[in-house]
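Take a look at the structures below.
The two complexes that follow have subunit A in common; it is paired with subunit B in the first and with subunit C in the second.
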Partner chain A sequence: MTLKMHLALALPLIVITLFLASCKAMAESTMKLVVVVNHSNPIDELDQKQVMDLYMGRYTSFPNSMPATPIDYPSNSAVKQQFYKMLVNKDEKKIRAYWSRLLFSGRAKPPMEAESGENIPTLLADNNAALAYVPVDQVTSEMKIVFQFNP
Partner chain B sequence: MAKLSQKLYVRVAIAIALVTISISVITAPAIYWFSLSKQRQVNTVIVDQLAASAEKTSAIAAYLKDEELAQEIINGLVSNNLVSGAGITITNAGTIESGQHQTASHAITVPLTHPFMNEEVVGTLRVSPNDSFIQAQARNIAMQNVGSLLLLSFITASCVALFVHRRLTSPLRKLTNSFSHVEANQFETMESIDIGYRKPDEIGILIGGINALTTTLKQHLLTERALRERTEALERRFRLIFEQASAGIGLLSADNRLQTINPALKALFENIQEGDYFAPLFVDVKQVEDTLEQMRTQDPFAQTSLDLEYTYAGETRWLHCLFAKVTEQRLNQRPEQGSLIEVIAYDITERKRRERETRFEADHDSLTHLRNRRSGERALKQLLSSALKRRQRFVLMMIDLDKFKPVNDTYGHDVGDAVLTIVSQRIKQFFDDQQDVCIRWGGDEFVAGTVTSATDQEALRELAKQLLDALKTPIVVSSSITCQIGGSIGIVIAPEHGDTLEALIALADETMYQVKQRGRNQFIIAAQTLNV
Partner chain C sequence: MFFNSIPKIKTDGVILASLLSVGACLTTNAKAQEVSFSGFATIGATLIEHDELSYRSSLLNQTRDGVSWRSDSVIGGQVNITFSEQWDAVGQVVVQDRADRRLDNYIEKAFVRYRPARSWAMRGGRLDSNFYMLSDYRPAGYAYTWARPPLDFYSAVAVAAVTDGADLQYTTDWQEGVVKLGVLYGNSAAHLASEDGTKTNFDFANLLSFTLEYQRHNWQFKATSASATLKNFEYADFNEFVSQIRAVPAVLWPQAQNVADYLDPAGDKAEFAAIGVKFDDSQWQIQSELASFKANWQNLPDAKFGYLSIGYYLDDVLPYFLVSAHRPDNKYTAITAPALPPGVPANIVQSIQLLAHTTEDAAANSFIDQNSVSLGIRWDFADAWALKAQFDHIRMQAPGSALFGNNSLDLKIKPKPLNVLHLGLSTVF
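Right, the complex of A and B next:
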């Protein structure tokens, strides 16, 4: 096989790869989010449904029956918006309406809302039962990634 | 006063009410079922909508397995009248329900999907409509419909009754009341009806029609009454004329019976009454019958008059009868019945007598009462012609008196006249008054005519001889005067001696002169048998 032939084969691949990369870059132009817990938490992994059930108030504890405290980004933050979009495909308004419905009669409670995004690592570090979502580039060693949205 | 139920407008109203009520009663079940199904449908839709509106929250409750929330939703649903029971079944958990589920078939079941994952079912919501409530509501509505229909019927019936009463019955009653005063036999009541109704509708037309009819009827009745009165007056007058007439008036039926007779006619006969046959009252029955028959068969205006002889108390009388065919409308239509004949009769006995006297005087010699020469010739001619027709013999005697002139000269004309009178009577004795003819031909000349069927002359000769003897017999004029005369007779016989009277008389005259020449007091039968 000649170099020329290699090049001829490689070139379309390169083009396609570049295209896909650009697409991915566009999709992630927001950011890549991951769900994390205190690094001391025995849970290693959660699936999307389990994350959903915890964040939407169906369950108040981890699958291993350990109580869970989900933490939310403050309202109107881009991270929160994106998280719910990816989790239940709903915007923040809908999520607020969902919780409003349950305000008086429901047993379920909405996740605890952090004052700001910067507070979340602290809240996570302080509480073993805490569960939060953060952009992947803000993951610290204190955190353990238990779920990440499929690329 | 009629009972209320007999009044037209009440009956119309009752009829309308009955019809509408019947319609209501018939349609009520339909309305009921229609309302029921419609209401049920509506309610089902509402329940559906209720269920739909509760679905989202129920789904959330099921997703969260939040029984309090579920209970709250169920309670909320059940608190609605239309819902008898509701329940939420949470997958892999329990069922929260409330109220009663009467008929499961009606229950609305809504699957509750995961609020965030559409493909996953987290439970079911079941809502049962409240059938008895829906039914009761439907019944209420149906009842209301039926009720309003009935109310409408009642109002309609009342309005129609009022309208009919106002517009129809009331004017009709007025009209009837006014009309009841009109009586056909009292003209004063037959006036136009005025009830103040001016509308040009059927009632107005009816009133107009009644008034026109009444007016016409009244006019007709008045005319008829006037006509009747006039007819009655006329009839009275005519009856008076009929009754009081001096002439006898009678009406003959088709079979010639006396149908009607007036007193005058009755008085003309001895004993007649209506229904008697007319013809047999007279001497010549056949003449009367023939005349009447002829009149009936001839033209309808035929008139005939007859002088008819009849007997009254053994005395001959005469009536002048005027017959006229009576033409009547009624009879013209039924000609098979024959026509009536009117007869007007006058007693003409006196006139007839006078007429006979006059004729007698004209035809007879005033002295001897024998026929005079003029009428004698006429009678002889008739006798001759009838004898010739019947092939009989006609005998004519010319008689001349002998020695009469001396009597006249001696005793005067009075005695002569007396002699002539006596001689005339003697001659007359030998002849038949009716058939034979005796004539004073001239001063002392006489002619006698007779008819015989005998062929020989024996009887004739005998008669002549006797006649001569009678003439020779002396005549006593008075106690002091007695005369004797004689006669010469010339005899001719037809048809042997001729067939005309003139020829016969001439021959008889000639024969008589032959007797005179031979010496009188003889007779000679003329011509072929000249010899005695």
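Right, the complex of A and C next:
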């Protein structure tokens, strides 16, 4: 097989891959995320700073002093990447470095990491103190939306 | 840090008690909700280029020459135990290149914490002293940009980096940010050893510090004021040496009492003050700290020290430039033997001259006067992994090289600059 033939075969594959990647990126960039708590949690609303305080370890409890258990999507997931980009404008590696400072200073522990996105509704249902971010189309009747990012 | 004699080992009852209390909580609290383990490590090769000086990354560490895998390599493990919504405990052990290898020098944290309300937290046990911006996570290389915390700033302050005691922290919202106020009281014990293994121990007793932190958006500020009393200085035959100086009649050596007072830290008050600022908008990373230390003690001369680091993110790569300095408050004053009047017996003359000469060597050997320029790069090449390369060019005055090993150097001659090259890998797990 000549070099030209190799290129002729490879080129459509590259174009398709790039197209799919761009579609995925567009889908991710338009994903609408909301922050939710267990339906029985008395908290009805949080502002962005309060969400930031909990997810960045500045406080370990909700503004009403009820203990909070923030839940993260798995590492390297698109939802997690987007959430932190929107919350504090930092990528996941910088978030990990930030949390290593807090963890090894003994000040706070990072959010609980869910095994998968599908696992988050169960974690929320099982724990009144839980707090999580999910795509808005995955909000269930067991969840209560307490914050959504401005469009 | 300079006399030659038999080292004395001191059992630190406070830290043992702290560890036992954490252990007791571990074993007796059947309701412990969660126990989690985590750790960090840096493995780094450090190339030291100097004929007379040997390198160490902290005053507490061993001095090394040539290519060293030990100088900047660290491994640490941490356990977090949650007993209830209000109670938890943290223990952290860090294996690093300590010159005095007693267990006490490897325990960074062992405390129990109580959070009675959202804004309040109290801790008791072994705590980070929390004087400076990196105080509480210095060993975790992955957590900061550089190969190691800036030497001119953090090498000397490491002697008071952990405190056995208690603290109280209050957190509140202010101006779209979060303010943390802290007060700490306790005892910080320093355990050092010189190149020949001779050990030095002393305490920062009745240590009291006040800390103010403010974090808002991309900004972080910190200010600290602390004081302590220097106590329990041990250097084998140090007391006998000071007694000999004090015994010299003022008519023979008028400065003898002043020299002895400057040598002997007993009861001297040490004062720290520091301010720091950090800006990080995921494009620029700028960090600076300035600090002052005063104790009127020859072994840790009064000084001001600081650094400025500027980095610029290129995706996962962060090149940075660092300048730092450690400058004494007072110029070095040589201690000279007195001119003795004729008729003083020769053996008395020799003894006084020996006392003056030894004191002079000690003073020169403890004097720090240096500045550094560093260039480096951090590459976060994979999840939880960072590769770092850093070059340091350190210039010292004469005398002024006490942050390093300098026994073979004529301290009156200005040493040529010390170049240090580091290549290391940092991770968290």
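Throughout what follows, the second predicted complex is superposed on the first by the 121 of 151 C-alpha atoms of A that agree within 3 Å, B and C clash if a C-alpha of one lies under 4 Å from a C-alpha of the other, contacts with A are read in each partner's own complex, and residues count from 1 in each chain.
Rule of thumb we're sticking to: a residue touches a chain if its C-beta (ideal position, glycine included) is under 8 Å from a C-beta of that chain, and two chains touch if they have at least 3 such contacts.
Bear in mind the structure is a predicted one, so any value in this text is a computation, not a measurement.
Annotation for the three-chain superposition on subunit A: subunit B and subunit C clash. Once the two complexes are laid over each other on the shared chain, residue contacts for A:S65 go to subunit C alone; subunit B is not touched. Taking subunit A as the reference, the larger set of touched residues comes from C, when subunit B and subunit C are compared.
Legend: residue contacts after superposition of the two complexes on their common chain; A:G57 is shown touching subunit B, with no touch to subunit C.
In the superposed pair of complexes, A:N76 makes contact with subunit C only, with no contact to subunit B. Once chain A of one complex is fitted onto chain A of the other, the partner contacts of A:G106 extend to both subunit B and subunit C.
Residue contacts after overlaying the shared chain place A:R96 against subunit C, while subunit B stays out of touching range.
By the touch criterion defined above, A:F149 lies against neither subunit B nor subunit C after alignment on the C-alpha atoms of chain A.
Residues 49, 58, 89-90, 101, 105-107 of subunit A are contacted both by subunit B in one complex and by subunit C in the other. Per the touch definition, subunit C reaches subunit A in the complex via residues 36, 38, 40, 76, 78, 80, 85, 90, 92, 109, 111, 115, 117-118, 128, 136-137, 139-140, 142-144, 171, 173, 176, 178, 215, 281-282, 316, 380, 383-384, 386, 428. The touching residues of subunit B, when paired with subunit A in their complex, are 56-57, 60-61, 63-66, 68-69, 72, 115-117.
Subunit A meets subunit C in the complex at residues 49, 53, 58-61, 63, 65, 67, 75-76, 89-94, 96-97, 100-101, 103-107, 109. Contact residues on subunit A toward subunit B in their complex (touch as defined above): 49, 52, 56-58, 87-90, 98, 101-102, 105-108.
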